[in-house]
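Look at the two complexes coming up: subunit A is in both, with subunit B in one and subunit C in the other.
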Partner chain A sequence: MQKDKASKLMQNIGILLFLTPALVLIGIYIIWPIAMSFNLSMFEWDGISPQKIYVGFNNWKNLLQDTIFWHAFFNNVKFIFLSIIIEMPIAILLAVLLDRGGKKFDAFKSLFYLPMLMSSVAIGVLFKYIYDPQFGLLSGILSFLHLDFLTQDWLGDPKIAFYSVVAVICWQYIPFYMIFFIAALSNIPHELYEAAKIDGATQGQYFWRIELPLLSPSIKTACILSLIGSLKYFDLIYVMTEGGPSNATELMATYMYKNAFASFKMGYGSTIASAMFMIITTAGILAYFATKKKEA
Partner chain B sequence: MKRFGRIVAVVTLVVFVLSLVLVFSPSEKAFSSAGSTKKIVFWHITTDAVGKQMIQNQVNRFMKANPGFKVEVVPLQNDSFKTKLKIAMGSNQAPDVFVTWGGGPFFEYVRAGKVKDITAYMNEKGYKNRFIDAAFGPITYNNKIWAVPVEGAGVALIWYNKEIFKKYNLKVPTTYDEFLNIVKTLKAKGITPITLANKTKWPGCEWYWYLVDRLGGPSVFEKAAERTGGSFADPTFIKAGEMLQDLVKMGAFVKGFNGLDWDTGQSRMLLYSGKAAMELMGTWQIPIMKAENKKFYENNLDFFPFPAIKGGKGDPSNLIGMASSNYYAVTTTCKYPKEAFNMIQYLIDDQAVKERINYGQIPPVKGLKFTDPMLQKVYNIIAKAKSVQLWWDQYLPPQLAETHKDIVQSLFGLTITPKAAAEKMEKAAKDYFKK
Partner chain C sequence: MSSAKEIKKWYFIFLAVWTLIADIPFLFMLFTSIKTQTELLMGNTWQVPKNPTIGNYSTVLHGSFFYYLKNSVIAVSISVVLILIVSSMAAYIFARMKFALNNILYSLIIAGMAIPIHVTLIPIYILTNKIKLYDTIFALIGPYVALSLPMSIFILTEFMREIPIELEEAAKIDGCSMFRLYYNIILPLSRPALITVGIYNGTYLWNEFVFALVLTSSPEKRTLPLGIWDFQARYGSDIPAIMAFLTLSLLPMLIAYILGQDKIIKGMMAGAVKG
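Presenting the complex of A and B:
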């Protein structure tokens, strides 16, 4: 008994010892900056001068009344919704098709995964050219097909820009979820398929009755990932539109960046960042519990 | 497998220790001071191949004359430079020498004590007199000089395709009505009258600034920006907004302008290809066009100043821009300010002036002659201008400048009325200056 306790203590000390490096790193790189930005949100600061002016909760009060911030927040929500309903079905479809194809489709797997390998900035620049209303590939294809009336001012029209950008982001992220679902599909035992075949199930029945239900935990996880990713999305939008025209594609992150670094309002930028942290954490926790309950 | 685990453990440990060192070391200088050479870090934004090489050559001449010094030249893209500089300044990782346009954002750094006062160096042996007087406006603050004018004049002019004008028998306009007629004619011939890349908002603003200047003269803006009896809700600003939206509604501008990017050349390509006839843009585009499309530059390109508006108070010789477009400043954290200043002098000594003119710039130096007729023409126009008003987005404090640019982009997008735009700007200015 005595011996057991001692070895347990030793084990705990061992665990603590091995965890220390990770804890120190997380503390320095993650927890400390978060605390710092909450602290900064109490100040009016231009980001360069040595003195900061303490303003208490003033920045937070302004944030609550800032119509552009709420517009950006609403854009984020729209973005979550769109990316989930566009990305998930396509990713599942591709995954199922590639899975059925087996080894023959290995080349397609790598091919479809390509967009995920490119940096968002490169994709942004690339699509800026594709969307160019005069020389762009998209307009070119449309006019080649004699569909000129469909050509739009893809990134310059406030009504369309948001959807143009969402389309690119979906293109970029579908491969990620596709691979995610392929991995999940490969976990479905082959016997199930054989059994279903013997029972006379069609391909469609097999998909709806067996594959989809067995995929559902993965789909839930993918939706949470997409939700959190969509809330903090930044790079591609900044490269393509800078949140414009007229805030049409503004997201919380682009608005934060512009305040902190272009307008020299570091304090207010930190307030937005802190608000984002709170929103994303809450959304993540809620989503986690919502899906967990259903599983149990 | 065991061995693999050990390797992973070692690698992890090394990464961990290294990151701790990085976090706790005060700055990068902890590493670089080991050598005996003295280092000057120099940031600029001339990223085209020819210009980048030109600056490197000038710096090399400095290093040759000062063997103890090593200059690290860092060319950066225009828009990312602004952010990078701000972060570097805020986190005490500032370069020793950096490029600036002067005005509002620059004075933020001056007020924060980040920029070295170089008045004494400039006055030494009358070095200051080498430069044209108008060049000192955007970098003089509290009667002190904070940067050296180096790169050429940058004023906004309307560039046009000579061939298109000739083909349709169009004459260079001197009044705004003539200009509108040209727009209508070109439109009827199926040519986009004006190309514009307004994603970053400042290219479109240039139209608005000129309209305000021609309607009310430079003082309308200055009085509003300085809060000395002026207002951004003044009828002049509303009228300028209306005229701007009239141009948009006429279809004067290229389709999709609010999504096109000037930095990647999306507006210039339309000029080169003859799809569009005109563009309002700064003279910094001369060397760029010369390098990108020499044939077009030599045969097809010309320019005219913004036309006069009937009944407007602004003098038609007025320009928007600056007598020198890029200035170089020394930071207070620079260990060798004297040498850093000396290095900047190499960027604009007689040899450099020759190279810069060849490159296509108009150096801010007194008494120049040019072999390139285009440059001579620009030089003459600047010499005779009644006023050269600094870009508003550099004149205004950064926070207001961003608001202003957003508002003008909305004007272009027809999502705000000129009256609401003027009132919104006035409210922002009132909130900022608290008067």
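Presenting the complex of A and C:
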């Protein structure tokens, strides 16, 4: 008995020692900041002066009436929608074609992965110059094809800028979802394909009747990933347009960053961050249960 | 049947078109990086350079490129080593030990995977200033490690649960301590998962932008993504030099990819494919 108690104690000390580093780090850099964000949303503060002014729910009231914030939120929603309807079909199509081609098409895979190796910042800078109306690749190609009249100020025109940026993000993420679907397709036994062929199924029938239904759980997961990713997107938009021109490409995250670190409104920035936290968490939970239910 | 062949031909054409879309930006980057400013301004942007020059590369390499590279290597490698140590220790406990709080703590940590990092940005900035780490590489390590923990702990715990328990039980009878079980048995057997977690976090942190943007300010302290950002702000009009900088910044990932294609791809997908 005595010995048992002693070893139990030793084990508990061990558990504590092994968990402490993780719990301390998560406490300092995740849990405390979330609480702190909500706390700071009650203050007006420039981040420097020792005086924080308590304003209660004023920041939240202002947020509800802040047309730029709602514009940014709406951009996030538009962005979710566009990225899903553009990325998923192309990624699925590429994955299916690569899967059918087998080993012969392997070289394509490596070529398709290239955008994944580049950081968002590098992609943003690269495409800033690709979109350049004078020296950019895009206007170069258009003039080569004698389509000069299509050349636009891709990032400078508020009507077009948002779509220009979304196009780049789709270019960046399609390879990611493509690999995701390739992995899912590799779980479909190839005998199924042979059997369908013997039964006289066309390639189109095989796609609609077998591949697509079997991919649907993966498509749902990919859509959730895209949804959450689109709600918190920052890097590439900030690098390419900083949310401009005239807020045309503003997202919640860029608006939060600008308030906190360009205008030094730490309180209001925290309010936006907290709102983002609530929106993303809610969206995540809803998406999780929506897909759970259908599967059951 | 010629129709099957016909169809394959269309597959091939479609994939070839996508190759152009996916890779032409890289050719533009490469070609522009070996042009002179004059050639870029005079010629067609998509043209192959007539008199290739490496002048732009020497401009970049004589600048602060190596500072940024060094900072990235230091910040990412220290972070990844710490992530592996801290998360594998916690995962071992969650996978193997029976105690009252096990499930609750584990679920709470896993829920952390869904947290948008932006909500932590302002408080972490304030904290970093307070503890006088602002504008040092070490400012990045804390958040990098902590924010990577939920996913890493999740992947490692799920993996360790699958390791047969018999080996440990035998060792326990021989009087092996908890630490030695972890170090001599669990860690070596978890190698594949540790590599995946290392690559996942390594590639993610290598490209991390927003914390580096907020927590550092001077060029000598910034990482490669911020280097790109600073460089294009300073040399905005010298497009060939910027393209040389971009090409150089892609090299480390490209080399890593060539050396370990399958592992890199698997690592990058680790966050997405959660079983």
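Convention: the second predicted complex is superposed on the first by the 271 of 296 C-alpha atoms of A that agree within 3 Å, B and C clash if a C-alpha of one lies under 4 Å from a C-alpha of the other, contacts with A are read in each partner's own complex, and residues count from 1 in each chain.
Quick note on the criterion: contacts are C-beta pairs under 8 Å (C-beta built on N, C-alpha and C of every residue); 3 or more make two chains touch, one makes a residue touch a chain.
Predicted model only: the values in this text are computed from it and were never measured.
S.K.: Putting subunit B and subunit C onto subunit A via the overlay, clash or fit?
M.R.: Overlaying the two complexes on subunit A (C-alpha atoms) leaves subunit C and subunit B clashing.
S.K.: What is the contact status of A:Ser186 with respect to subunit B (first) and subunit C (second): first, second, both, or neither?
M.R.: neither
S.K.: Is A:Phe277 in contact with subunit B, with subunit C, with both, or with neither (first, second, both, neither)?
M.R.: So A:Phe277 only meets subunit C here.
S.K.: Between subunit B and subunit C, whom does A:Ala262 touch in the aligned arrangement: first, second, both, or neither?
M.R.: First partner only, subunit B.
S.K.: Determine, under the contact definition given at the top, whether A:Pro158 touches first (subunit B), second (subunit C), both, or neither.
M.R.: Only subunit B is touched by A:Pro158; subunit C is not.
S.K.: Applying the touch criterion given at the start, work out whether A:Gln205 contacts subunit B, subunit C, both or neither, answering first, second, both or neither.
M.R.: A:Gln205 contacts neither subunit B nor subunit C.
S.K.: Between subunit B and subunit C, whom does A:Tyr113 touch in the aligned arrangement: first, second, both, or neither?
M.R.: Touch partner of A:Tyr113: subunit C, not subunit B.
S.K.: For A:Ser37 in the superposed arrangement: first (subunit B), second (subunit C), both or neither?
M.R.: second
S.K.: Once the two complexes are aligned on chain A, which partner has more residues of subunit A within touching range, subunit B or subunit C?
M.R.: Of subunit B and subunit C, C contacts more residues of subunit A.
S.K.: Figure out whether A:Gly140 sits in contact with subunit B (first) or subunit C (second), or with both, or with neither.
M.R.: second
S.K.: Based on the superposed arrangement, let me know which partner A:Pro245 touches: subunit B (first), subunit C (second), both, or neither?
M.R.: first
S.K.: Between 81-89, 153-161, 171-179 or 243-251, which run of subunit C pushes into subunit B after the superposition?
M.R.: With chain A aligned, subunit C clashes with subunit B through residues 81-89.
S.K.: Going by the contact definition given at the top, which residues of subunit A touch subunit B in one complex and subunit C in the other?
M.R.: Residues 21, 25, 28, 47, 125, 128-129, 132, 135, 261, 266, which sit in both footprints.
S.K.: In their shared complex, at which residues does subunit A touch subunit C?
M.R.: 10-12, 14-15, 18-19, 21-23, 25-26, 28-30, 32-34, 36-37, 40, 47, 93-94, 97-98, 100-101, 105, 108, 110-122, 125-130, 132, 135-137, 139-141, 143-144, 171, 174-176, 179-180, 183, 203, 221-222, 225, 228, 231-232, 234-235, 238-239, 253, 256-257, 260-261, 266, 269-270, 273-274, 276-277, 280-281, 284
S.K.: Once bound in the complex, which stretches of subunit B touch subunit A?
M.R.: 12-13, 16, 19-20, 23, 82-83, 86-87, 89-90, 105, 108-109, 111-114, 198-201, 254-261, 264, 266, 269-270, 275, 397-399, 402-403, 406, 409-410, 412-413, 415-416
S.K.: In the complex formed with subunit A, which residues of subunit C make contact?
M.R.: 7-8, 11-12, 14-15, 18-19, 21-26, 28-29, 32, 40-41, 44-46, 85-87, 89-90, 92-93, 97, 99, 105, 109, 112, 114-127, 142-143, 145-147, 149-150, 153, 178-179, 182, 206-207, 209-210, 214, 224-226, 228-229, 232, 239, 242-243, 246, 249-250, 253-254, 257, 261, 265, 268-269, 272-273
S.K.: Going by the contact rule at the top, pick out the subunit A residues touching subunit B in the complex.
M.R.: Those in contact with subunit B are residues 21, 24-25, 28, 46-50, 125, 128-129, 131-135, 153-158, 161, 241-242, 244-247, 258, 261-266.
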